[in-house]
Amino acid sequence: MLVVMRTDATTAQVDAVCDAIRALGFTPVPMPGEQRTAVGLIGNDGQVDGAHIGGMGGVAQVINVTKPFKQVSREWKPENTIVTIAPGVAFGGNDIVVMAGPCSVENEQQILTAARAVRAAGATALRGGAYKPRSSPYSFQGLGSKGLELLALARRETGLPIVTEAMDEAGAHEVAEIADMIQIGARNMQNYSLLRTVGKIGKPVLLKRGMSATITDLLLSAEYILAEGNPHVVLCERGLRGFDSSTRNVFDVTAIPVVQRASHLPMVADPSHGTGVRALVTPMARAAVAAGADGILVEVHPTPERALSDGAQSLYPDQFTKLMLELRTIAEAIGRHVAPSPGTASVSVG
Amino acid sequence: MLVVMRTDATTAQVDAVCDAIRALGFTPVPMPGEQRTAVGLIGNDGQVDGAHIGGMGGVAQVINVTKPFKQVSREWKPENTIVTIAPGVAFGGNDIVVMAGPCSVENEQQILTAARAVRAAGATALRGGAYKPRSSPYSFQGLGSKGLELLALARRETGLPIVTEAMDEAGAHEVAEIADMIQIGARNMQNYSLLRTVGKIGKPVLLKRGMSATITDLLLSAEYILAEGNPHVVLCERGLRGFDSSTRNVFDVTAIPVVQRASHLPMVADPSHGTGVRALVTPMARAAVAAGADGILVEVHPTPERALSDGAQSLYPDQFTKLMLELRTIAEAIGRHVAPSPGTASVSVG
Amino acid sequence: MLVVMRTDATTAQVDAVCDAIRALGFTPVPMPGEQRTAVGLIGNDGQVDGAHIGGMGGVAQVINVTKPFKQVSREWKPENTIVTIAPGVAFGGNDIVVMAGPCSVENEQQILTAARAVRAAGATALRGGAYKPRSSPYSFQGLGSKGLELLALARRETGLPIVTEAMDEAGAHEVAEIADMIQIGARNMQNYSLLRTVGKIGKPVLLKRGMSATITDLLLSAEYILAEGNPHVVLCERGLRGFDSSTRNVFDVTAIPVVQRASHLPMVADPSHGTGVRALVTPMARAAVAAGADGILVEVHPTPERALSDGAQSLYPDQFTKLMLELRTIAEAIGRHVAPSPGTASVSVG
Amino acid sequence: MLVVMRTDATTAQVDAVCDAIRALGFTPVPMPGEQRTAVGLIGNDGQVDGAHIGGMGGVAQVINVTKPFKQVSREWKPENTIVTIAPGVAFGGNDIVVMAGPCSVENEQQILTAARAVRAAGATALRGGAYKPRSSPYSFQGLGSKGLELLALARRETGLPIVTEAMDEAGAHEVAEIADMIQIGARNMQNYSLLRTVGKIGKPVLLKRGMSATITDLLLSAEYILAEGNPHVVLCERGLRGFDSSTRNVFDVTAIPVVQRASHLPMVADPSHGTGVRALVTPMARAAVAAGADGILVEVHPTPERALSDGAQSLYPDQFTKLMLELRTIAEAIGRHVAPSPGTASVSVG
């Protein structure tokens, strides 16, 4: 923490700030400058809440130097965390994991067709929503428990592990019984009760970044899960709230390397929600992999024009097949590989 | 819904869109223009999800004309909804309700001192957090049940009704037993399970706008509560995520009249979280009332420099007293009144 | 400047940073913490550009402590600057200056009618565009020189001083010959050649905040004008780019007290561009005055439905008359006065 | 244009809107719905300014259907525009043009060293600022005319064409005499006088997107240049204003395919300004190419730690060399090529 005094701060005001720092159990270090004095701290362990000092007389600004998160930090654990969700399906190593499938599970035929199609194109995992958070209470809310059963069926048929969303604590326990990875959606990124619940459950978690969450906010939310003893967390960029209606969101591709530098946790990206427009999904999936993503999440639907949700951003199966080919070459360009589908040998480009 | 075709759209593509609209149960109205054709809909009841049409061949854009919310709309119910949380304490009429108190309940002496101070200055209700959503798992998380008991004690001592936050479904039931109004925080604005729960409980709800929520998003979240049969909802602006670190948030004062035009629900504002800086709370509280807010939420702490949370944005009691005087005159300027404390006669300016 | 080292920074890396600071002519002050070391500076005069240190080995972050602006700062000049644009019309004192008129000067009858109407309602100055920056090259671009002549005519008829925009250097000289105050629009806030030009001209300048400018950016742009020897600068909030299409912009009312705390320059607000919707102009003009604005800029048109630009946000004359009454009472509530029209005695409420 | 009426709009109000549309010279098409009526237009040529209709009685919203730009639109000209700035150096075809060099020209040795280094690594053009727009009037503002001479010298030495910025009309003429492409910076994207000037000059223009410009704003600014008869315009994404200080800007990679779908003009990206952090430039340059950029702009400095501007975001020459190798493979993955340095044969990967 650094306390910057106003240029007209009196000596008494600087002394009062030093006293307040001592009261918090730390040693103040005043640094007089030509224009103003700043007061540093020695011994800050990152848990100091010195916000109230910002309101003291003569104080211009309080700057937090130490990052507020701990266990998620790369400074805490320098080597990458590997999150394994099924035999041979791991995030955070050299492999890039492709999770594909429809936005929502709609019925048996739809999910089986989708699962087989993405498996045939080389996807590593199956995504699909049974519980759907929708802005409107009148929109389709997902099949619920029935949807989870259909996902389990699709896994038996294709061997693909399952990633699906939980929206509340009861749902998290139910999802955990079937899914290989529990997704926490962007709207729930700061639903701390839910974060604690999936922390206690201990299954791998895919934590999506909120629409206006800073990287620090995202890492602090992950910290809630790790603080409960669950280190199996994969982070996901899925688009920020933006001012231009030409896309659904601003897909913050740069967040990928930013998170990877700050944290040891794997970082993936969702170009489908990130853009909201089918024609943009392919170029932005390529961009995410080129930026170093540890995986991507892509919506693929056998018949997007009949989808119950997100039809406009779902790829057709043949578009997804072509994308997979491009991704393999881009991965090679940066010395990585697209993870093979479970049960198959690794696919190489050359 | 209006479907705008590309200038190079073929007749077959326009026909396909018309067919897709018929398949949804509506009548298409093609409108040929000099540059392009647009296709309108007759009979749209607001629940159509035509997003998939956006992905059809030759389509440039799909524009939703009908607002996606219903019961919260002023078009659904033209007259203001009055939300009464205690005898004589009502939102949505001519009175402006001032809710004041500390960010968190810290101990008996603190909450009683704060409650008496804001009562003496003329506040209408007491705010104070027992359950606190904090970005970091290592920050003070509130006193929980003990905090609720202390709030009840403060109500017995001062007669002020209580507004306090619930963070999850179990907490909502507990808070509902003591509080006069259940607050849903900005981070939980799209926690739909929680919204449904407070909808079923039926107590008055203070729903805060999320940091990057559009007005439509806010109204749709309120719609979740009304859809469960609970019409006692008050909305609250508390600041948007912004790009300038000189304030904690961008306090969107304009949201007050925008919401009041779109909805019959009362709309209040929280200048404390909206700005995050003590010196800005007073001018922005005045601005909110001048803009037509049906109430304000202000953090007041007996000793802000010792607060366990939000000290830098809490007013000193004497600052709050001065603010109340200014608010009364501003309310008069627009033909309204600051609501009196429960059990007192209305205070008039002249 | 404060250089925060990574927790794994080596002693050699800390030493290298200290050397780099010495190379800039300052004294480094290393502050070892439990987690990491930070290095402060003694003697920073605010012009140090230490950005390159951010790229050195072992550096986590470089934090600028000293504000980059000087002459515009309240720390440089504690008392308010008073900007006088005509006899009796001054910004920055107790008076609140109301500038009103149409978006564009369209013809003689329109501008005279508008000028008389706003004068009758009590406006202090006349606003109106002769040169109009428009997003599209095909939109009406203003009457140019002819518009300036008509503004001069309106001044002769009503006594109201004139505020109008200049878009380039040649235009600035032409506008300066007629106008009492030269407006620099939001799109040109960082057109440094133009800022230098109006700095040299020396006439009062109304500098509008850019749509995504921080307060620091705004003050630095003003610094360009003061650095050329022209201290007669009034700053103006007119709305930020936002994500919600329910208003044209996000009107950042809080910027008013933020600027007034940071700078001695007067700060006004433009609720017409700030909201873009007629029905929102009145409540937000009230909010701006309640927040402490030193003036407001309001679009008023005799027949908004026939305006060549900005018709949807222009007040009808009778709406403006009613607004003036409300503003007078709100000004009283905070111990200020709405400035009288030139040539009239001050209007008091009571 | 589509005019959406309120649900409580009267027949007289609908009629008034129809009359207003006829007064603009178009045919109104009322579409009654279950909830409300909407009124469409037949014959809209894109230049209608119907904003004032938004303020009429009973109107809920006015939606613009036709895009406000013309000549820049892909609907106006379906095939890609090829912008050639020197023999063999062309944007908009299959080649990806890499423009590299220091932020500012600092002295003869620096610019020659930089030019030779980027040439050796395979860059196609040299970037470097002679006139620098800086937020602070006290920062280094560039060498001006002397800088232009040094750029010309570097071109003679290396054969690389030159891209450099002009900040005002006088400067544009001076820059045009030396540069192969005139850059208009983000801060001047809506400096319409400058846009018209470079439109008249007729040289190739690199137009950077403003920090809060929508894609429509960017295309309308380009339209100003084309409207003056200059079709040689290349657009550039360089980062949006964002809320997270972990990067300098939000680099909107998605803008690349969005612009390419909407316009026939080439679209490039600047990952150096887009991120502001050296370690992020390489992954984001790769992402831009993977997303389909027609070129990139990269800051490379022989000794970034001694740069007079933007040192923290400049690559070291060896980092740039490695980046070029990766870019070539990524280009292959999508069927494109990195353009060779002028005077060399094309470099192929395999």
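Order of writing sets the chain letters: A, B, C and D. Residues in each chain are counted from 1.
Simple rule for what comes next: a contact is a pair of C-beta atoms (placed from the backbone, for glycine too) under 8 Å apart; a residue touches a chain by one contact, two chains touch by 3 or more.
Bear in mind that the values here come from a model prediction, so they are computed numbers and not experimental data.
Using the mean of the Cα atoms as each chain's centre, the chain most removed from chain D is B.
Annotation: the A-D interface is duplicated by B-C among the options B-D, B-C or A-C, judged by over half of the residue-numbered contact pairs being identical. For the pair chain B and chain D, the distance between mean C-alpha positions equals 39 Å. Between chain C and chain D the centroid-to-centroid distance comes to 27 Å (mean Cα coordinates, whole Å). The residues of chain A that reach two or more other chains are 212, 216, 240-243, 245, listed in rising order.
Remark: chain D residues 212, 214-216, 240, 242-247, 250-254, 256-258, 261-262, 274-275, 279-280, 283-284, 286-292, 326, 329-330, 332-334 touch chain A in the complex. Those residues of chain D whose C-beta lies close enough to touch chain C in the complex are 20, 47, 49, 51-56, 62, 68-70, 133-140, 167-169, 171, 187-188, 190-194, 210-212, 216-217, 220-221, 223-224, 227, 240-241, 277-278, 304-314. Against chain D, in their complex, chain B makes its touches with residues 2, 4, 6-8, 29, 31-36, 38, 40-46, 61, 63, 65-66, 75, 78, 241-243, 245.
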